[in-house]
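Naming follows writing order (A, B, C, D, E, F, G and H), and every chain is counted from residue 1.
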Amino acid sequence: MNKDKLKEMLIKVQNKEIKIEEAVMKMQQLPYDDLRFAKIDTHRELRKGFPEVVLCQGKSIEQIREILKRHIQHSKTVMVTRADQNVFDAIQSEFSEIKYFEQAHIILLGKKMQTKSEKYILVITAGSSDIPVAEEAAITAEIMGNKVERLFDCGVAGVHRLLYNTEKIYNANVIIVVAGMDGALPSLVGGLVNKPVIAVPTSIGYGASFGGVAALLTMLNSCAPGISVVNIDNGFGADYQAHTIQNLNGE
Amino acid sequence: MNKDKLKEMLIKVQNKEIKIEEAVMKMQQLPYDDLRFAKIDTHRELRKGFPEVVLCQGKSIEQIREILKRHIQHSKTVMVTRADQNVFDAIQSEFSEIKYFEQAHIILLGKKMQTKSEKYILVITAGSSDIPVAEEAAITAEIMGNKVERLFDCGVAGVHRLLYNTEKIYNANVIIVVAGMDGALPSLVGGLVNKPVIAVPTSIGYGASFGGVAALLTMLNSCAPGISVVNIDNGFGADYQAHTIQNLNGE
Amino acid sequence: MNKDKLKEMLIKVQNKEIKIEEAVMKMQQLPYDDLRFAKIDTHRELRKGFPEVVLCQGKSIEQIREILKRHIQHSKTVMVTRADQNVFDAIQSEFSEIKYFEQAHIILLGKKMQTKSEKYILVITAGSSDIPVAEEAAITAEIMGNKVERLFDCGVAGVHRLLYNTEKIYNANVIIVVAGMDGALPSLVGGLVNKPVIAVPTSIGYGASFGGVAALLTMLNSCAPGISVVNIDNGFGADYQAHTIQNLNGE
Amino acid sequence: MNKDKLKEMLIKVQNKEIKIEEAVMKMQQLPYDDLRFAKIDTHRELRKGFPEVVLCQGKSIEQIREILKRHIQHSKTVMVTRADQNVFDAIQSEFSEIKYFEQAHIILLGKKMQTKSEKYILVITAGSSDIPVAEEAAITAEIMGNKVERLFDCGVAGVHRLLYNTEKIYNANVIIVVAGMDGALPSLVGGLVNKPVIAVPTSIGYGASFGGVAALLTMLNSCAPGISVVNIDNGFGADYQAHTIQNLNGE
Amino acid sequence: MNKDKLKEMLIKVQNKEIKIEEAVMKMQQLPYDDLRFAKIDTHRELRKGFPEVVLCQGKSIEQIREILKRHIQHSKTVMVTRADQNVFDAIQSEFSEIKYFEQAHIILLGKKMQTKSEKYILVITAGSSDIPVAEEAAITAEIMGNKVERLFDCGVAGVHRLLYNTEKIYNANVIIVVAGMDGALPSLVGGLVNKPVIAVPTSIGYGASFGGVAALLTMLNSCAPGISVVNIDNGFGADYQAHTIQNLNGE
Amino acid sequence: MNKDKLKEMLIKVQNKEIKIEEAVMKMQQLPYDDLRFAKIDTHRELRKGFPEVVLCQGKSIEQIREILKRHIQHSKTVMVTRADQNVFDAIQSEFSEIKYFEQAHIILLGKKMQTKSEKYILVITAGSSDIPVAEEAAITAEIMGNKVERLFDCGVAGVHRLLYNTEKIYNANVIIVVAGMDGALPSLVGGLVNKPVIAVPTSIGYGASFGGVAALLTMLNSCAPGISVVNIDNGFGADYQAHTIQNLNGE
Amino acid sequence: MNKDKLKEMLIKVQNKEIKIEEAVMKMQQLPYDDLRFAKIDTHRELRKGFPEVVLCQGKSIEQIREILKRHIQHSKTVMVTRADQNVFDAIQSEFSEIKYFEQAHIILLGKKMQTKSEKYILVITAGSSDIPVAEEAAITAEIMGNKVERLFDCGVAGVHRLLYNTEKIYNANVIIVVAGMDGALPSLVGGLVNKPVIAVPTSIGYGASFGGVAALLTMLNSCAPGISVVNIDNGFGADYQAHTIQNLNGE
Amino acid sequence: MNKDKLKEMLIKVQNKEIKIEEAVMKMQQLPYDDLRFAKIDTHRELRKGFPEVVLCQGKSIEQIREILKRHIQHSKTVMVTRADQNVFDAIQSEFSEIKYFEQAHIILLGKKMQTKSEKYILVITAGSSDIPVAEEAAITAEIMGNKVERLFDCGVAGVHRLLYNTEKIYNANVIIVVAGMDGALPSLVGGLVNKPVIAVPTSIGYGASFGGVAALLTMLNSCAPGISVVNIDNGFGADYQAHTIQNLNGE
C-alpha cells in the first residue's frame, strides 16, 4: 500500500464511496496467503522482482506439495531449491509442467522467465567437485531470465587454465566464482576484472577445510577489492544478487 | 598485452621493424614500478577502473610517504585507507593537494573523480557507533565519483525508523548496510528491495559479538536473498563492489 | 524441610514424642526414589511447580520405560521430551493414558494440567522449518496448563507478515520467538513489545549457520533490550521459563 | 498509530475536519527526532515502557552530550550505560540533575522511576569480581522502579553460602544470577526455585574461560529448566527482561 | 636398563663373561614385540604398573585379534577399550577366558587384578545418560584391582540428591565426576571435599554443548580448587589417573 | 554439622540444656564472615584442609586489603595469587609478616604450613618461559607444606635433557608438567612413569598457539594414560590437586 | 612456452616460415584438454614433474572414469587418491593395467615411475590407527619413484620404541611423521635429526581432538625447528613435498 | 653416543683402560650446560647442524644476557629471534661482535656461517606488510649460510607482478612464500614450480582474518600439491626447514 493508494482510499472515504470499517479492514488486509504452517508471500514478486522461492530443507514432502500447489496459482514460474531426487519423484505427477535439474537440485514448475539482455553472468569453478553449487547458481540465473556462461575447473593450481579464458572473463557483466578447499580463485579473478565478483565458498575439502570455513575466510579476506561473499554452498544466493545487478542494467 | 597488440608486434617482427631481442624484452617488460619493498601497480587503473588504493595498516610512515610520492606521479586521485590522524600529520606538508576525512580514516591526494550518474549508493547503519565504517564506505564512494545518500541509526530494535524512509531506500541503485551487534538490519532491508544489498558487519558490540563475528554470521545466513557480505569493518570493500555495480549502469 | 518444620520437629524431640534416632533419620531421609541408574526427584513438583520431565536422549528404551513407571506412581502428568516415534511405539501399550505429539516429539502420560489463566504465551517462528522446535515449546506450554497462540513463518525477509499481526503480538503475556538461519526475528519482535521475549535459536540452516550457532549469536547480541536466549533447539526450556513467568501472574 | 486512532482519523477525514494531505502526512510523520548521526526514538517509552537507553560504547563524548540534551527534553529519566568516569566528568556540569554509579558504570539524568511493587528482583553473584556486572543489573532495576535485593559471592565452590540464604531466594520474584569462570551457579539456583532465572555470564576468568564463553556455554546447557541467558557482561539486558516480567505482575 | 644393570653388564664385559658384540646387542635389544603394524610394548607393565591397554577405535578386527593374541602371551590381564559388541562377537571364541562389559564397552581377557586396598574410588554422574562413560571408568578401576563405589544421576539441578550422600563422598579416596550438558557437578563436589577430584566431560547434550566442549570448559574453569580434567568421554583416562593415585597409598 | 553433632544437639534439646530457638539458630548459623562484597569462607580450612585462597584478578586493592585483614584473623597462613608487584607495594606496610614471591606472583601472609612428608612434588617445565607458571605451582606447594623439586627447560625438542634426569622423575610422588607451544612434554613424561601427572598448559607461544589452546588440546589428547589437565596458566590449581594427593599419603 | 621457445617462434615469423595468424593461435593454444566438467592439465607433468593426480572425493564414478580415460592417453602413470573399493570395482575392467592399494585408498593405472636414488623417505606413525594416512604417503612416494622405509606405532607414550630405531631415522633423507591424538611425535623426531620433517596430523582421536585439529595445532606449534605441516589426513600432500625434496638431490 | 663410540668404550672397559665407574659416568654425562632456569643444549650443533637459537619472547633481559654469555663460549654463531630494539640496546655493549637486523627482529652474535652453495632460497611476499616476517626468514637463512633472493609485494590481486618474475622463481632451490589476509599466494606459486614451497601465514589483516588464521587455513587447504605450512608469523621456522633442505643438496 503506497502513498498514492493511500490517498486514493482516503478520497473514497471522504466521498463516502466506501465505509470506514471497510477502509480500516482493507488497510489491515493480509497481503499473504495463510497455510497455517507457511505464509505464502504473494506480494514477493512485486517487491523483489521474482516470486518467493521454496527451500526444501527442513520441510516434509507433504508441506512442499501443499506450498507448491498454492504458489503455482499465483505465478507462472515457481522455483524449488535443495530438492533431492525423491522430492521430485514424489510430486512430479501432480504438476503439468515440471522439470528437475539434477546437478543443481532445482525443480522448476512452469516456464523460465524471458531473457531480457545479452549481457551474461559468468559462473567459474575452481574444481570439478564445485560444479553442483555452480549449477545451482547457473540454473537459478537461467530460470530468472539471464544469459549464463560457464567456465569450470580453473583453479589457482593451474593458473594458465584461467588465463587462457580471459576474453570470456572480461566480457562478462557479473562474475560468480565458486571454490572450495583454499578458496583462492576469487582473489585471482577479482584482480583481473573491473566487474562485480560474487564469491561462493563450497564445502568441498577435508580436514582443516572445516566444511567450507577455510574457503569462506579466504574470500572474506581477499586482497583484491570488489569481491563480496555469500554463505557456504549458497549458489542460489550468489545468483540472486547477480540477477539483481543484471536487472539494474536493464532498467 | 592483448590479441591485437600481439598481432601488431608480430607484424613489426616480420617487417623487421623491431629486433627479435627487443620483441622478447617488450613482451616481458614489467608493467609495474618497483620500489623494492612495494611494487606500484601502475596498470591497475586500466585493469580495475581505479588506481591502486594504499592501505596504511602494517606500513611504516616512511613507507607510506615513499609509496604515495610514486603514486601521485601516475594518478590524479590517490586514496589512502585506515590512516590515523598521525599519519596525516606526518605527511600533510609534502603534498600540495591533500585532505583528511577524520571519521572515515581516509586521506585523499588530488581530486575526487567526476560524478557520472545521478543514481546513488545508499549507506545505512544500524547504530550510531557503526558510522565510522559507514563513512569509510561513503567517502570511498564519493572519491570514486558516485553520488551517495546516508541513513544512519535505523536498527531493527526501532523498525519504524527504517520504515519511514522507504522512499529513500526504494530509489537507491545499490545499498550498503552497515551493522554490528546482532547484524540483523541487512535481512530486513533485503526483504524490502529489489536492489543489490551489500552487508558490512562491524566490530561494534561486546561479549559474544566476538569482534563482529556474530554480525558476520547473521549476514551470511540472511534469509532474505540478494545479500552478499564483505569482511568485518570493511567499508572500503563494500563500496568498491558498489562502485563496480554503478559502473555497469554507466556503460 | 523449612524453618517451621524444623521447629515443630524439635518440639516433638523435646516432648519426647519422637525418638532422637527417628528424628535424625527423618532429617536425613532421601527425598527421591532410587532406581540405581536414575534418582527419581519426587520432590521436584513441590520445589519447581511441575514434576521432573524425562529427556529421552541418551537413554535406552528399557531405562525410559522403568523411569516412566516409577514417575506415573507419583504424578498425574508425566511428560517425555525428544521422544522418537519408535520410543512411543515401544512403550505405548504399557500405559493406559498416553499420547504422542509427533511434531513436538513429546509423549504425555496422564492428563494436561488445568489452565489457570486466559493470558496466553505466543509462539512465533521465522520459517516453517522451525515449527518442530516451536511445537516442542507450545505443547510443553499446553501440557503445563497455559493458553498458547501460534504465529508461524513470519521471518524478517517478509516483514509485513509480522507487522500485520501486531495485535496478536501486543496482547500476548510472554513471547517465544523461534528462528534459525540469521536468527534476526527476536530483535524485531523485541523492538515492538513491552513483554518478555524468549528467543530460541534453531539448527535450521546450512554452511556458516554452524548448526544454529549463527542464530544463537545473533540473539545474544540483539540490540533490542528485554530478550533472553536458551540453547539451540531448546523449545522445552523456552517454555519452561515462559511458564514460570505465567505462574508469577497467577499468584 | 493503533486501530482506534486510525478509525478516529478516518472519521475526521469523512467529516472533512482535516484535509487529506494533512492525514497522509500525519500517518507518515516521523515518530523520532533526527540528529543526523542518531535518531532519538521518542516513542520508545510508549512502546517499551521505558525511554531509550544510551549506550556509551563506540560514541564520542561530543555525540553522547548532544544525544543526552535531546533525550532530557522528552523524558524525566535518562539512563546511560557503559559510561567511564571520564564521560561523567566531561558532561556532569551541563545537566542539573545527574548522578554517577561508579561500580555499575551508569549515569542517571533526572529521577529514578517510582517503585510500584514490593516484589523484589534478586541479584546473585558467584564471586566478588562479578559485582560490577551485577551492579549494572541492580542499578538499572532500581532506576526502572523495581525493588532489588543483592546476594554477592555465593559461588558453587562454597555451596553452603548459597544454601544459608534460601529464604531470600525463595521470596524473590525474578532472579538474576551473575557468574564468570565455570558459570555453574545458575544451574544450582535454577534447581532450587520456581521463579524465572536470568543468567548473566561474565568475562571474569583466564585461559580457557575465553572472555566469558565458558560461562556462557555452561548456562546455555544448564540442566535445570527455567533458565535463560543474556550476552556476556550484559547486566543491563538481564535486568531489562526482569523488569518486563515485574511489569506483568503489576498490570 | 638402569644404572645397576649397566654396572653389572660392564663388570661382565671386564671379566670377559660376555662378548662385546653381545653386550652391544643386549644394550640395543628391542624391548617390544614387533607386529609390523603395531609394536607391543611388553615393558609397559614394569614401567607403568599395568600392561598396555588396547584401544579398538581405528583398528580392524583382524588387527585387534592379532594384537590380543600377542598380548595374552605376556600378561594375565588384557584390557580392551571402546569395543563394540561386534568386536566381542568376532573374537570371543578364540580366547578361553574373556568377558564383555556392555555399558562400558570393555573386553577383559584373563582375570581382574587383585584388590590391594579397602580405600575406594567413587564414580559420580550428573545424569543417567552419563553412565556409559562412568562405567568405562568404574570397570577399568575394578579390572586394575581397585574398590569402586558408584553414585549416579546426582546433577546440580537437584542438589539434594548429592547432599544426602555426603558420607559416601567424604569417605572416598579419589573421586571421578562424570557430567555432560553444563558440566557443573565437579565444581560442587570439589567445593565439598578434601580429596582429588578428576572431572570427565561427556558428549551428552545438544546444540551449544558442542559434543562436550561446554562441559569441558566448565570443568577447566571450575572455581573449586583441586579439580583436574581429562578428555571428553575419557572414562578410561580418568580412572587411570585415579588408579595411579590409589597406588601411591599402597606403597 | 555432621551426624554426631546433630545427635548431640538433639540430646541437649531433649534434656532442655539448650532452648529450641537457640537450636534452630545454631543450625542455621552462618559458617562464613560477611563483608557485603565478599563472603569469607571461614570453614574452608576444615572442609578443604587449607584456608580460602585470595585471587587478585578482578578485585580492587581496596577490596583485597579488606579481605586479607579479615582472613588473617582466622588463619596463620593466608595466600594471595595473581598479585602484581603494585598490589604488594600497596598493602605490604599493613601486615607484620608478609612476603612476595615475584616470579610466582604470590603474596604470603603469615607462615608456610609445616612439611609433613619427605615425598616430593616434581615441577617440570618445557621451556624457560614457562617458569612463572611453574613457580606459581611450586610456591603454592611449598606454602601448603610440601617438599618440591624443580626441573626446568626440558622440552621435547631436546629429549636427552629429560632422559638424563629420569632418577629425579622416578622418585617423585606427584609430577606437575608445565608446557606452552606444542604442549608435548606431559605425553613423554606420562609414558615414563607410574605416578599421577598433572599437566598445565601455558599461554607461551604465538600464532596458532591461540594463547595456550594448542597446548591445552595436546594435553587433553595425550596418548599416555594417567594424565589430567588444568586450565591454561593455572599453576595454582595444578598444585592444589597435587597437594590433595600428597595429603592422601600422609593419612 | 618459455623464453627460448618464444625466440624460436619469432625467428620463424621473421623468416615467414609460419603465418602470423598461426603464430597468434599457437601462442594462445590451450595447454589443457577440455572435458567441459574438467580441464585435463596435460602440461602438469612438464611443469610439476609428475602428471596431475585425480582426487576422487566429490566426483561421480562416471566423471572419474571419463577423466581417467583421457589421462591414460597422455601419461604412463596415472594416480587416483581417496578411492573407495567401490570406485575400483566399478572401473577395474576398463583399464588393462590397474592396481588398488587398499589401505592407502589409491588406484594406480599403468606403471610406477622408476626409482632414481637410493636415498629413502622414512614414514613414521605414532599409532597403528594412523597407518592408512601413512600408507597414502608411502604408496604415493613409491609410485613417484622413491625408496620408502616405514616405522609404525612409535608414539611418544612409549618413547623407547622410537629411540631404538634411531639409525633408521638418522639415515633417512626426508621424514614424514604421521600422528593423531596429541600429535606430539613430530616434535620429538624433529629434535633428533638434521633432515626435513613433514608432519601430518590425522583425524584419529575423539572428544577434544576435534577431528585432528588438536594434532594439527600441536604440530604448528612444535618447539623443534625444521618441521612443516600439511592438512589433516593429507598423506598424499606430505609425500608430494617429500618427493619434490628428493628430486632436488637427484638434479 | 653412537654404536661405534659404545663399542670403543666397551673395549676400553675390557682392556681396563678406564674404570667401570668412569664408564658409567661418561655414559650418563650431561650433554648440556645447566643454568638452573635454562639448559644450554651444547650438543645441538652436532645433532641439528646449527647451534640452539635463543627465542626472546617470555624471557627477561637478565635471562637473555646470561644465556647468550654461555652460548657464545660454545659457538661462533649465536642467533637471537623476536628481539625488540630495547633488548639489543640493553645487551649490545657486552658483546664484541654483535649486530641487529631491525626488520627481522634478529640479533647476531659472532659471524654468519659460510655460504656453501650457489643454490638460493627465494623468499616471496604477497604484500609489503608481510616483509618483517619474510625478513625473519631471509636473515635466518643468510646467517645459516644460504644464498637468498627476495621478491616482495607480488600478491594474487595483481598476478602479473608474479608472472613477470617466473625466471627467478623457476631457478630457486626452495621457495618460502609469506602471505597474510587471504593467504592465496602459495597456491599460485605451488602451481607453477617443481620445487618445495614452504608457506608462512602472517597475522596481517583485520576482521575475519583472525590474526592469521584465515591465511593459515587457506594454505593448509591449498589445492596445489607440494606445499607445507608453518605457524603464523614463523619466518624463522620456515627458513629452518628450507635450510635443512639446502643442506641435503650439499651432502
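To be clear about the criterion, contacts are C-beta pairs under 8 Å (C-beta built on N, C-alpha and C of every residue); 3 or more make two chains touch, one makes a residue touch a chain.
Bear in mind that the values here come from a model prediction, so they are computed numbers and not experimental data.
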Chain whose average C-alpha position is farthest from subunit D's own: G
Comparison of B-D and E-F (more C-beta pairs in contact): E-F
Where subunit D and subunit E are represented by their mean Cα positions, the distance between them in whole Å: 50
For subunit B paired with subunit H, centre-to-centre distance based on mean C-alpha positions, whole Å: 38
Separation of subunit A from subunit B, taking each centre as the mean of its C-alpha atoms, in whole Å: 25
Overlap residues in subunit E, where contacts from two or more other chains coincide: 28, 127, 158, 191-192, 207-209, 213, 216, 220-221, 225, 231-232
Chain pairs in mutual contact under the definition given at the outset: A-B, A-C, A-D, A-G, A-H, B-C, B-D, B-G, B-H, C-D, C-E, C-F, D-E, D-F, E-F, E-G, E-H, F-G, F-H, G-H
Interfacial residue positions of subunit E with respect to subunit H in the complex: 3, 6-7, 10-11, 13-14, 16, 20, 23-24, 27-28
Contact set on subunit D toward subunit F in their complex: 127-131, 152-154, 158, 160-161, 164, 180, 204, 206-209
List of subunit A residues in touch with subunit C within their complex: 28, 30-32, 36-39, 41, 43-44, 52, 55, 57-59, 63, 67, 201, 203, 211-213, 216, 231-234
Contacting residues of subunit E [partner subunit F, same complex]: 47-49, 53, 167, 173-174, 191-198, 216, 220-221, 225-232, 236-238, 240-241, 243-245, 247-249
Sites on subunit B touched by subunit C in the complex: 126-127, 155-159, 181-184, 187-188, 190-192, 205, 207-210, 213-215, 217-225
